[in-house]
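Okay, handing you the structure first.
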Amino acid sequence: MNELYVSFHLLDRQIVDRDGLEVGKVDEVELGIDDRGAPYLAALLVGPQAFGPRISGWLGRLLTGLARRLRTDRSGPLRIPYDLVRQVDSAVELSVRRDLLREPELESWLREHLIGRIPGSAE
Amino acid sequence: MKKFLAFTLGILTAIGGFVDIGDLVASSLSGARFGLALAWVLVLGVIGICAYAEMAGRVVAITKRPVFDLVRERLGPRVALVNLVASYLVTLLTLAAELGGVALAIELVTSVSYLLWVPVVGFVLWVALWRVKFETLERIFGLLGLVLVVFVVALFRLPGHGPDLWHQALSPVPTPGENWNTYWYFAVSLFASALTPYEVFFFSSGGVEENWGPRQLPEMRVNVFIGFPLGGGLALALMAVSAEVFHPLDAQVTSLGQVALPAALALGRLGLAVAILGFFAATFGAAMETGLSAAYVVAQFFGWPWGKRLQPRRAARFHTVLLVSVLLGIVALMTTIDPIQLTEYMLVFSAVVLPLTYLPILVVANDRGYLGDHVNGRLANAVGVIFLVVIVAAAAAAIPLMIVTGAGG
Amino acid sequence: MSDLVTADLIGKVAYHRSGEYLGRVADVVVAPDPEGTWRVTHLVVSHPPWGRLLGYERDEETGPWLLVMLARRMLRRNTRRVRWREVRIGEDDRHA
Amino acid sequence: MWLGLAYCTGPVDAHGYRKTAVQSAQAALNAVRTGALAADAQLLDPYASTLLGDQLGAVAAAQEQLLAEPPPDSGTRNVRDQLLPLLNGSAVQLGDLAYAMSTGDLAAVRAHQEQLRRLGDQLDDFVERYR
């Protein structure tokens, strides 16, 4: 493919790691500006902090508020440099494994405090 | 054996669409009130769900993207979020109703009030969804639900009015004493129930759980073209026995116990016991389907790791949504809301959001960039477009009909 | 100039350098340069914007006929690609 | 049901009252027909008691629905006076049928079944007449 429509091909698409495991959605795309002032595709942003602002109105506020309360907000969205993208088709595939990326705090928190404490969670 | 069991995902999915707690009663009730004059809606529903489940299954086999993934991608975040909220609520309240249905089935063999069974059923459901493998659940409840075939047997054992039934089926108009508004209200809710959105959520996610690829396309089609017609056939049998037993007496069916009565009349205690076992399996199967679907849609909207193929600790957010949904379902029922009424209202509301789920499936099934040579053929597109129009019409008519008829009064 | 996110562009009003009103930004087109960096080359502007176009802005969507017709008509009439260098993004909503 | 409740509040006119009466009669009709059918079938005991319990509950609800509103004129008073004995009879017969079935008294089961059929026909006529 020699060109991409950012909104169509990237935004809201599923991101999977090199083994096909879910990483998140492309909640927002970051464009960098180089020395000459020309914009380029810099990174994919994942997380409710990136997603919330795209939804205007009460639904967006609800979502952002919920995310804040659910302590997913502390270190900002997950930023995946575009260099790590291997391929874009029905999903955005990364060239790395999920473990190398920062895990969303909500996932770790729920595992530690709820799911991981229920017998049989590792089976 | 593997080949023989290859269609259980389709069966289990179809159970949620055709013989869950709401449908068990709704099919019998429409048989009692209209004879077989609404049988065509079931036929139409089977064709529609087959067409769309096949598309959704094909998309999953080729791209591994389940339906709610496509919903957000094609409709954009805002519309998809509205669809998410609506679909989640419909699915959650249906889950609550199914828990009630399982409890009602148990009440029929214990005469202990269903409300006391609800927490027990909820707990057992959650344990099953936590511990048992997806394929195992699918096989047990898909196959066990098939014992509802007892109503087909009952139909042949009942003193025959076969010609009457044919006559009713071939004259699709309100029977004497009924009016067109009520007729169409029943038609819309039977149709919406045949195409409830959680069926495609569950079926497509089930395809991912079972790791379908292009080589499983034939298996997927077997699931669709055996599973859904079987489910629809069971609903038709329920409608027919009720048309035979209750319709001539001008009596309506409002409780699960009455739904089983024709089986007892035709086949005695054994028939009754099998019918109740079938109710149990079908409602429990539908509870699994709706419980998982509630968690699937949320996880797929946000892109979280999901599914029973992962260890629960590797999908903590998914399993949290699942746990919370089951708890909310239990709480909803403990308000003593009538589970049967609940599903019927949910059907009407789900009719309203149906187009937001089915449009993206149709669009993606035509996307060569995704499916290559597996895009829709002419037939699939013709059926898809016709049904999209019908779905939109049903969506538009659902609430006005509910209001003018006082919900089928 | 600091970094952008697409929300800073999509949905915003676009003008031609010459001052001509173009519409609202519907999508951002990127293509790789010789070093492999994906650079913004064009904007897709539409007038008035029609949310997401279900993917019909590409050629890979083949049917069904009814939807293709609807989408193509809407696209032909209302959207076009403009080179990035020729566009100025405005904030005001006069043309909403 | 929720909408049904909304309809039932507030003072009603004769038409509304007749509509309510027909609904009550139809609910009782469903129950007595079910009872009469059940008397013919071989049933499991817990099922029979749950089924008939549900039918009794339905008749009780129908009575309550009918009596919750005052009839607005003499015509509707007449409607009520026709229906009420049928509802009462239905409740009595269903209750007695449940008892007879639980004790296995076949003669009594047949007798109550006959009464339920008769009540069913009368309720059916009532529904036909006032619908």
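For the reader, a short list of remarks on this structure follows.
Each chain carries a letter (A, B, C and D) given by its place in the written order, and its residues are counted from 1.
Keep this in mind: contacts are C-beta pairs under 8 Å (C-beta built on N, C-alpha and C of every residue); 3 or more make two chains touch, one makes a residue touch a chain.
Remember, it's a predicted structure, so these values are computed and weren't measured experimentally.
Comparing chain pairs A-B and B-C by the number of C-beta pairs in contact, the larger count belongs to A-B. Note: centroid distance chain A to chain B, computed from Cα atoms, is 33 Å. Annotation: 61 Å between the Cα-based centres of chain A and chain D. Separating the CA-averaged centres of chain B and chain C is a span of 41 Å.
Per-chain CA centroids place chain C at a distance of 67 Å from chain D. Along chain C, residues 52, 55, 58 each make contact with two or more other chains. Under the contact definition stated at the top, the residues of chain B that touch 2 or more other chains are 76, 369-370. Taken residue by residue, chain A touches two or more other chains at 11, 54, whereas all remaining positions touch fewer. Chains touching one another, given as pairs, are A-B, A-C, B-C, B-D.
Touching chain A in their complex are the following residues of chain C: 1-7, 9-10, 26-32, 37-41, 44, 52-53, 55, 57-58, 84. Remark: chain D residues 1-4, 7, 23, 26-27, 29-30, 33-34, 37-38, 40-47, 49-51, 53-54, 58, 120, 124, 127-128, 131 touch chain B in the complex. The part of chain B that touches chain D in the complex is made up of residues 107-111, 177, 245-246, 249-255, 257-258, 260-261, 264-265, 268-269, 272-273, 276, 338, 341, 345, 402-403, 406-407, 409. Residues 11-15, 20-25, 46, 48, 51, 54-56, 59, 63, 89-91, 104, 106-108, 110-111, 114-116, 118, 120-123 of chain A are the ones that touch chain B when the two sit in their complex. Against chain A, the residues of chain B that register as touching in their complex are 63-65, 69, 72-73, 76-78, 80-82, 85, 130-131, 301-306, 311-313, 316-317, 319-320, 323, 369-370.
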